[in-house]
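The same chain A turns up in both complexes below, where it pairs with chain B and then with chain C.
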Partner chain A sequence: MFKYLKRRLLMLIPLLLVVSIIVFSMIHLMPGDPAMIIAGEGASQADIEAVKHKHGLDKPLFVQYFTWLGNIIRGDFGKSLRTGRPISQEIGFRFVNTIKLATLAIVIGSILGLVMGIVSATKRYSFFDNVTMVIAMVGVSITPFYLGLMSILLFSVKLGWLPMMGVESWKGWILPATTLAFRPAAMIARMTRSNMLEILGQDYILSARALGLPNKVVFVKYALRNALNTVVTVIGLQLGLLMGGAVMTETVFSLPGIGRLAVESIKGRDFPSIQVSVLLIALSFVIINLAVDILYAIINPRISYN
Partner chain B sequence: MKRMRYLALVMVLVMLLSVGCSSSGGEAPGAEAPSEAGSEASTPAKTTLVYGVGVDATTMDPHFANNTPTGNVSFQVHENLTAFDDPKTMKPVGKLAKDWKISEDGLTWTFNLREGITFHDGAPFNAEAVKKNFDRILNPDLGAPRRSNFKMIDRLEVVDEYTVNIITNVPYAALPQLLTCYNASILSPKATEEYGDQYSAHASGTGPFKLGEWIPGESMTLDRNDNYWGEKPSLEKLVFKIIPEDASRVMAVQTGEVDYISNVPPFEIENLKSSGDVTVEMHEGFRTIYLGMVINRPPFDNIKVRQALNYAIDRDAIINDFLEGSATYAIGPEATSIPGASSDLFKYTYDPEKAKALLAEAGYPDGFEIRFVSPHGRYIMDRQIAEAIQAQLSKVGIKANLQILDFSLLLNMLPTGKDAELMLMGKGSPASDPDFDLTNYFTTDGTNNWYFISDPKIDELTEKQRATMDLNERYEVLQELQEKVQEELPWASLHYERQIVALGKGVAGVTVWPYEYIDFSKAKFE
Partner chain C sequence: MESNNNTASMPMNDAKMEREARIRELKRFWLQFSKRPVAVLGLVIVLIFLVMCITAPLIAPFDPYESDTSKRLLKPGEEGHILGTDELGRDLFSRIIFGSRYSLLIGVGSVGLGALIGIPIGLIAGYYEGKIGNVLMRIMDVFLAFPNILLALIIVSILGPSLYNALIALSIWSIPSFARIARSEVLALKNNEFVEASKAMGSRDSWIVLWHIFPNLVSQLIVWITLNISSAILTGAGLGFLGLGAQPPSPEWGVMLANGRQYIMRAHHLTTYPGLAILFLALGLNLLGDGLRDTLDPRLKD
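Showing the complex of A and B:
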């Protein structure tokens, strides 16, 4: 297990290098000269050249890349082209915000999804099952943007129960986290239900029942445990998606997170900031996947990494 | 499953890139606020005003600022040698300078400075400080993005502690206006020397508010400057809370979580007016929204075609249907409320028949096809207006293939002149004087001459008005210049944007300036 972990962690290095090269080439292929954007409307050619020179944007691309890489290895993430602040200052608290938001959302989403999925599977075609599956369908289809605005309108403007923003108080996290939890909850519920149903139709369940095991044991020990394998993958996938894909929620709830920073940086062609935020998103994705693989082994003793 | 995971990673990255490339954020200022502030709105002792803005300031170093929202925040903290007297009259008066006089040859401006003012960090304000600031702005090694705006300034001379000479290399009549720009703000020389390019985090001006806590992307808190030389603000704290989404910003003023918002979308006016405690105000603005035509090649090389385009646009419909009346009908490139702007120009009205006739005369009886570009989210309802114009043009036979682009892409694309014949854009007036705008947009070498206009008469009159020190004479030259620009007609000027703001319960004393600066120094709760 330890060897496996070490190998997987070492593999991160080439992976991140490849991601950084791809992102670097993509942002330089993107139309839009950052120097022009920094200089702004009405800047003369001389102003633009001065900005280019100041930020080293007039150097050949590979020189820019290796300078950047060398600095990263030394722990210097560079300065944002837009704000002139060190990238570490720009990104640190935003990354923490996004981790908090995504974790809260996935916890809420998993609990809701699992409960809904399990109950639906055990009471197939019941009223509860039908209602849950309709909610899940809506949950998968609705955008967090719309859902977020509507929940603000209801809970903040009309009822006045919850603040629509503010990360200082725990209250400020309720609306964004539940909004963001909606889609994973729906996905998890659907996945849990279909998996449970599939497994409940297996021969070994029939054997367990024939042996006279109580329903509870059959459900939890035989069906749920086997169903969880795939569900854990879905949860991991969803968490990964939330890390970079919470842009809409971060925007609607005025929450500074890494997704919003990445989008704002792309708009402003803020290369150093794009690089680091995208790399961090990729890194969290890979680490979440690693965690999922380890969880497999814990849930399913047949899987071993030795 | 494994493949699916990497697919998902790729999807996230692609999604981020595409979101970042396709849409562009609205331009609005930014800031912070404890969320509880709003819920205590009814207590009489309220001294914290929370202002909800769309974007964060990029920097608190005004010499490096390049957008109005950033300038707006900086102006709460920094002051300039000059300022304007009143939003209605817009006459330049002394701020950190008491007064000034100009030498006979029009090259030396002597500014008498106010005495006894100190910066937030305790450094004294004097002639030496002024000189150091302009040396900083003009230093080519610093890479200040707007250095060339000040290229007419040759050098500064300290005469005595409170007198400074600004020496220009050519006579430049609009210097007092130019000195009101946020790029010309006076910073503490002690702070700029100590922090260099990290000044922004330690900003220290002479203004009514001091920089407090700044959480980038979330909020910025400004504290009252208790040593302010002028009338001290009654607010203890001014918080800029960043709320990027228009709809959220509107709801935030309804819930009372913020006390003030700007850049209100016109279609929200009715909604806000109906929600009890909120007041909506509309103020004049200096921003012109226009259609620019590339005139160095067909079809817009023909003046008749440019006139036809001006007749083909139904400006009233745009102002009433999309902007809910929050704009003024444009008759020329300069908003008529700018001092020196002409209000006596030929007014183009909607006349599709005349447009068709002119097109036929120009040799296009069946119209033509052009490429038309517009940003999205940069100006009020820009995309919708561009689409309406596309429809209006089709009625006279002009097929405009509209492409909505990210503003940053447009900034790169327009100077080449290759990718479009027609553009919907906006022009602010940072110095609140026609010189700046007419030079940049309509002279042969103008930085924003995206229409490839090259007219010796326009170039000559631009030079002439700049060197005419007598105000009335200068206005006459400006009138002639604007008539000439309208004769050449590189634009179909559409409207002058008004600024829509919404005030929460009890907010008073806020001054909205037409150059998109909102002054909170006299704000209070009633």
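Showing the complex of A and C:
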């Protein structure tokens, strides 16, 4: 297990390097001179030269890359072109917010999806089963931003139960987290249902029942454990969509996270901020992915660590 | 599954029989498909949106761009505006009808482009395992490691926010999945007898892949294309909502939602109805995709 962990962590290094190279190249792939982009529209030739010199843009590309990477690793992300403040000041709490949102959504989505899937499987073709499967079908067809807006309309505007925005209190997290959790919950419910149906028909379940084990034991010990596998698999597969959903959820609820920073920076052509936020989205994706993989290895003993 | 024995050049008689067999196959498919009411519902929804998209100028009661400040934020049903008007007095119903063009363009365009590039890559990588195949698939893996939103953010920040750049981003994102499916199917098929037989008869590689292996892939690809269009439409609308896809004043559904968000307290119809349009189109495609999968390829059932 430890070896597996070490190998997975080592494998992160090349992946992150590739990402960093892509992010670094972004500014050079854009049409136009990077110095001109940083200096902004209507800058004089002298301004552009000054920017070039100040940001080291007159040096060879690989020197620029390593300088930039070195600064990033030391936590110096440069200054935002929009606010003029160091980016490192506003990145920390945003990163925490995004990770918190994603984690909450995964936890809520897993619990909801698992419960819905299991009850549906045990009460197949019942009213509950039908309703759940319709909700699940809608869940995979609805976008987080629409769901978010509709829940604001219902719970904030009409009923006035929950705040529209702001995450100062725990109440502010309820709507964003459940909005983002909806799609994973729907996927997990669908997969868990069909998996449980398959498992409950297996010979080892029959033999456990024939041995006279109580239903509860059969369920929890034999069937549920397999269902947990499904949950982790789905989360692993859905993680990319979840990150996309997080960006939209942050925008809908005006939640200060990395995704929203990325979107705002792209619109404002604030290049240093774009680079940092894209890098951090990739980093959080990689971190959560790793956590899911490790969890998978713990839950599923059939996976070999070598 | 399609028949595997459609050989190179055949006499007239065989060609005729072949055609009849195809028609029988289609009939059998329809018989099985139409037994699933949910799948048929999906098909109907998708067809409605297709008709809407094609005949938009004919069925839209108003010009989607024409604003009239005296008719701002009318509620649904007022003054002949079925779904009301937006903050500039533009007819919401007409804008939603025209919006179907943007969503279908993004969905079909990006997935079509992705399939056009991804499938040949997968066919080549599967048929020529070894070096070429490995290099191709490693490149695909790198793309697959990126969540689609990240790819979209990177591409849009390089090229600038627009409908077509969002389309490019989404098609790049769909390439690797098509390559993977095509490759795994080729790997499974290429050692079959019908491939060996064709080889023995002296067929060229390209002929074998195109006429013997590819037809076996079609049913699986149709399912994947349908489901993929649905997620491309959702992500495309999402980019529009974030201001990174289609730009105002285009009546794109995501853009309309972003716009309506400011008026959610006073005029929530501006967000409710465009969002419903996205939901229904995606739902229709998902139901259709699930139905096609269950009919064409029972192995894939989740």
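By our rule, the second predicted complex is superposed on the first by the 250 of 306 C-alpha atoms of A that agree within 3 Å, B and C clash if a C-alpha of one lies under 4 Å from a C-alpha of the other, contacts with A are read in each partner's own complex, and residues count from 1 in each chain.
Keep in mind that, in the parts below, a residue touches a chain if its C-beta (ideal position, glycine included) is under 8 Å from a C-beta of that chain, and two chains touch if they have at least 3 such contacts.
On a predicted model such as this, the values are computed, not experimentally measured, just so you know.
Once the two complexes are overlaid on the shared chain, A:Ala282 sits against chain B and chain C alike.
By the touch criterion defined above, A:Ser194 lies against chain C but remains apart from chain B after alignment on the C-alpha atoms of chain A. Residue contacts after overlaying the shared chain place A:Ser169 against chain B, while chain C stays out of touching range.
Residue contacts after overlaying the shared chain place A:Val263 against chain B and chain C alike. Legend: residue contacts after superposition of the two complexes on their common chain; A:Leu29 is shown touching chain C, with no touch to chain B. Comparing chain C and chain B on the residues of chain A they touch gives the larger count to B.
Legend: residue contacts after superposition of the two complexes on their common chain; A:Ser44 is shown touching chain B, with no touch to chain C. Look at A:Ile142: by the touch rule set out above, it reaches chain C but stays clear of chain B.
Look at A:Val157: by the touch rule set out above, it reaches both chain B and chain C. Within the superposed three-chain model, A:Val18 lies in touch with chain C and out of touch with chain B [touch as defined at top].
Residues 23, 26, 30, 149, 152-153, 157, 240-241, 243-244, 247, 251-252, 259, 262-263, 265-267, 274, 278, 281-282, 285 of chain A are contacted both by chain B in one complex and by chain C in the other.
The touching residues of chain A, when paired with chain C in their complex, are 15, 18, 22-23, 26, 29-30, 137-138, 140-146, 149-150, 152-153, 157, 190-191, 194, 239-241, 243-244, 247-248, 251-252, 259, 262-263, 265-267, 274, 278, 281-282, 285. In the complex of the two chains, the chain A residues touching chain B come out as 23, 26, 30-33, 36-47, 50-51, 53-55, 82-85, 89-90, 93-94, 149, 152-153, 156-157, 160, 163-169, 171-172, 230, 233, 236-237, 240-241, 243-245, 247, 251-256, 259-269, 274, 278, 281-282, 285-286, 289. Residues of chain B touching chain A in their complex: 1, 4-5, 8-9, 11-13, 15-17, 19-21, 24-25, 33-36, 58-59, 61, 64, 66-67, 140, 142-149, 197-198, 200-201, 215-218, 241-245, 247-248, 251-252, 254-255, 257, 406, 408-409, 411-413, 430, 440, 447-448.
Of all residues in chain C, only 142, 145-150, 152-154, 156-158, 161, 230-231, 234-235, 237-238, 241-244, 254, 257, 261, 264-265, 268, 271-272, 275, 278-279, 282-283, 285-287, 301-302 touch chain A in the complex they form.
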